[in-house]
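Two complexes follow with chain A in common, the first pairing it with chain B and the second with chain C.
== the complex of A and B ==
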């Protein structure tokens, strides 16, 4: 077994060495901001990037559609990660944030003016997500222990019950289905989702690899030490929630212009929050790119492989989805993509 | 003007009075011992100073500023740092990362900043762990974990260092070496307060000692005055009999 591993790492080591000059160039250019790569990791990151950017030219309609949805969920999973994954204050209520943005857009169109420009609805909706985020974060993040998680959970339940109570404005259970979609062209639509996702991935990665990421991880590991270091842990916890709310708002806006409407089941119910967590956990919490990978993996599996290729029914698809998440939780606690990342590190040729 | 003034500090937990109307002052450049039997309230005084606990009554002034109601990070940024009795390094970060955290600015917009590698090396070198910067905390021997705690406190650039039982669990050679390190800190301009329940080892190091028993301040004086005081002897003997 170990000799097979050795032989494999001789081959991969050589491959790593041949890619190293490219990786070195990358490291010199931006390594300080996003972390350094070896040759194999460079190949993974830029290979995936190339695949994602060219998907409409080689993928089927069903695959591209699944990847379009995955891009939005990747934004949710990464946004959840910068807050919950990094600080360890687990939010069970992130669908409230994307829901707030989506409902703001839909309610502005439905109640105020159907002709309202996206130049107005989009920023207002993202701001709404931020405001809701701060409303949750300010009172709850001063508490420690399980209270934060419980409050985020209750926030979803309240939001969900408020929708039918104000059905004249919210459309109740059926929601509002009069929101304009970005475009009906599936290829253009794909890039409408992918480009914001990539920008958010880069921004969050840079922040996560900075001092701020180090402080957020330290809050998770030992909050008392952070305060003893002269750093206001509460301020950073609230900041991480705000930092999470903004891309959640962006994702909510993308989703409402993808589906052309809002309803409580698609946007708010607590299942949606748990799915964001599942994607982040499956990919690898507190790594930003892990949750991105987790979202693509789970959604392409659920909406394309199990649907279009395997032709399974919805309950079967969801059972496999959650079964897989459970398996990762039990057997690969660090997450699939973090595991892959560390494997590439090990099979690389090492620093010359 | 003294650097630190504790004025009538009282801390009650429900019906238990942990610290009762304790007052003392620390002057710049001193090394002062805060001593007393186990459970006498010494660490509670430190916790009140660092705002881990809110005081029930009284005030704490540092360098002319009332810091009684400051929050922990504000107390640290005003120039006070405490080395706890329990070591609590972040296990997932190497020694260097643990020190680096204590140099980061308290600003959500500062992506870079904090100490350079050379500065982190210097902090580590002041407590002789500069060759262990890449090691993980759980690989270190006990004495080095304690030294890491001190290096972290140094990294906040304190004027006053509060040391809670710094010699606990160390052998005699390590104690002697650490005491010499504290003398060097004093020469570098750091004022030091050391909590210890064990009077013996401390008395060669400190200029003055303040004795606390059952939450009350019993007395303060030079090491000789303190060790010869019958009340102090009784407090220590009394505890010895009870345990």
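== the complex of A and C ==
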């Protein structure tokens, strides 16, 4: 450790010590399920949680709106992570899952009955995401490595091309814009998105830290060994895809009730899948909370800082967005938030 | 009916040759380095836009089309090399990072092209203008389609000669068969990879100019050729040049036939069905080997 780090950690170590009792309490309560924290990490997690929960009271309209969108994308990024990040089977097809849910909602409202209650459309849409997820997973998971990624990429193209072919039902290129939004009140809307996101974050973290998560990581590291240990890797790969389809469906439903409509560009195109992946990678793959952080970081940057504050045009914003993602991929492979996490671990004095 | 069949035969042969070029570049890079270059479509886009910038009458240069074509191919080959030497070589040990990074490069390039050329489709000046009506076939062929066919086959022929008859070329083939074996026989891996990226880039440049002329030149044009390259390469077998040519013709004909018979809205659907069928029956494609990379 360099001397600068030493000097800094005498300060941060003391800070860590003072927070340690709180962290210890947390560790005793739920540490077995979600992993143990040191004082600084505790401060980070609960500080961000408090900031996110109180955002409407201190943030501007633009910031809250960006964070509302970010909450939905955080759900996508985390769902992608539990499947692709953990098992190493990189899927480019996740936009189809959220798209399936959103399209189911919109098509039910548009084609069946405009008065259909959300109590019916929401579960049906999530189920649709699950079915489509299995439809993609069952044939493609016979393949491994690059072949799997190629096929999921092609799956997006198939769905994208099917939409105009059935434009009587799907609305073609312009989509269906007659879906009811949850609410027009920006503050209530914010909590409609944040609460499901937090629940999904906790559930996925618990699963990822359980034995299931361990098996998924083992598949990524050495699939043959998993099979040799008598565990059916294929079963777990399909399970992880199904597991990821459900929150993808929830996210898709939230997004359709946020925008009030569906169209192929907002929901299906492969750019959307890559955005989710970018968020997950920027935050740190296979950590669930990393992708969450990545989603907030990128969306707030793009929709608030670069749009509202810097006033850049759309191509310029996207150039910065993708440029940043590329830089993180090359220089900080493990992801920004994982790096931050490990830095906090190092600067905390309490644990060796 | 006969004339329709003939026109499918002729038009399919033209476009398939270009598809073969796209797929060969993609598959060679995978064969040699184990890299899935998702920026391959972006290279094709660079080819088309370089040609546009060099020859467009609105541009500062407005070079003659043939000169523009040659320069565009050279620029694309250069871009491909820069992509390899400037980015891929640092990250190719991690396959996941590599294909994420290359796809991000494609998206980044899309935005840069929108900033420079605008989002609207642009029109390319054909390398050779004019068209001919084939009486016997009952279809009109643009000369540029004929040129695309001939140039593509010359390129494929040259490549075939290069990788089977010359030592330099054979070292590329050897590397794609066994990296380790090639290294043990004194092949310098770095040089082979650079050469492969240059060739793949040049092929993408040729394909870019023709795809841009025959189909469309837009900032989104990278996606379709990339998807085609995927489909063709998976059907032909990843890493196999012969497989790429055969599968390119299969897909090219399928697309032409489905457009002629079923109408343009079904373009691509048939190829996707064939792709799914091939994957289920022959997971490694027609001429694929098991992926052995140590």
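Simple rule for what comes next: the second predicted complex is superposed on the first by the 350 of 352 C-alpha atoms of A that agree within 3 Å, B and C clash if a C-alpha of one lies under 4 Å from a C-alpha of the other, contacts with A are read in each partner's own complex, and residues count from 1 in each chain.
Here, contacts are C-beta pairs under 8 Å (C-beta built on N, C-alpha and C of every residue); 3 or more make two chains touch, one makes a residue touch a chain.
From a predicted model like this one, the values you see are computed outputs, not experimental measurements.
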With the two complexes superposed on chain A, say which partner A:212 touches: chain B (first), chain C (second), both, or neither. first
Per the contact definition in the header, classify A:315: touching chain B only (first), chain C only (second), both, or neither. second
Touching A:146 in the superposition: chain B (first), chain C (second), both, neither? second
Would you sort A:236 into first (chain B), second (chain C), both or neither based on which partner it touches? first
Touching partner for A:191 - first (chain B), second (chain C), both, neither: neither
For A:225, select first, second, both or neither according to whether it touches chain B, chain C, the two together, or no partner. first
Could you look at A:26 and tell me whether it touches chain B, chain C, both or neither (first, second, both, neither)? neither
Using the touch criterion from the header, give the chain among chain B and chain C with more contacted residues in chain A. C
In the superposed view, which residues of chain A touch chain B and also chain C? none
Which of the residues in chain B come into contact with chain A in the complex? 50, 71-73, 76-77, 81-82, 84, 88-93, 97, 100-102, 104-106, 108, 110-114, 152, 155-156
Interface with chain A, chain C side, in the complex: residues 30, 36, 87, 90-91, 94-97, 99-101, 103-105, 107-108, 111-112, 114-115, 223, 227, 230-231, 234, 238, 265-266, 268-269, 272, 275-276, 279-280, 283, 291
Contacting residues of chain A [partner chain B, same complex]: 206-207, 210-212, 214-215, 217-218, 221-222, 224-233, 235-236, 239
In their complex, what parts of chain A are in touch with chain C? 88, 90, 139, 142-143, 145-147, 149-151, 153-154, 157-158, 161-162, 164-165, 270-271, 274, 277-278, 281, 315-316, 318-319, 322-323, 325-326, 329-330, 333
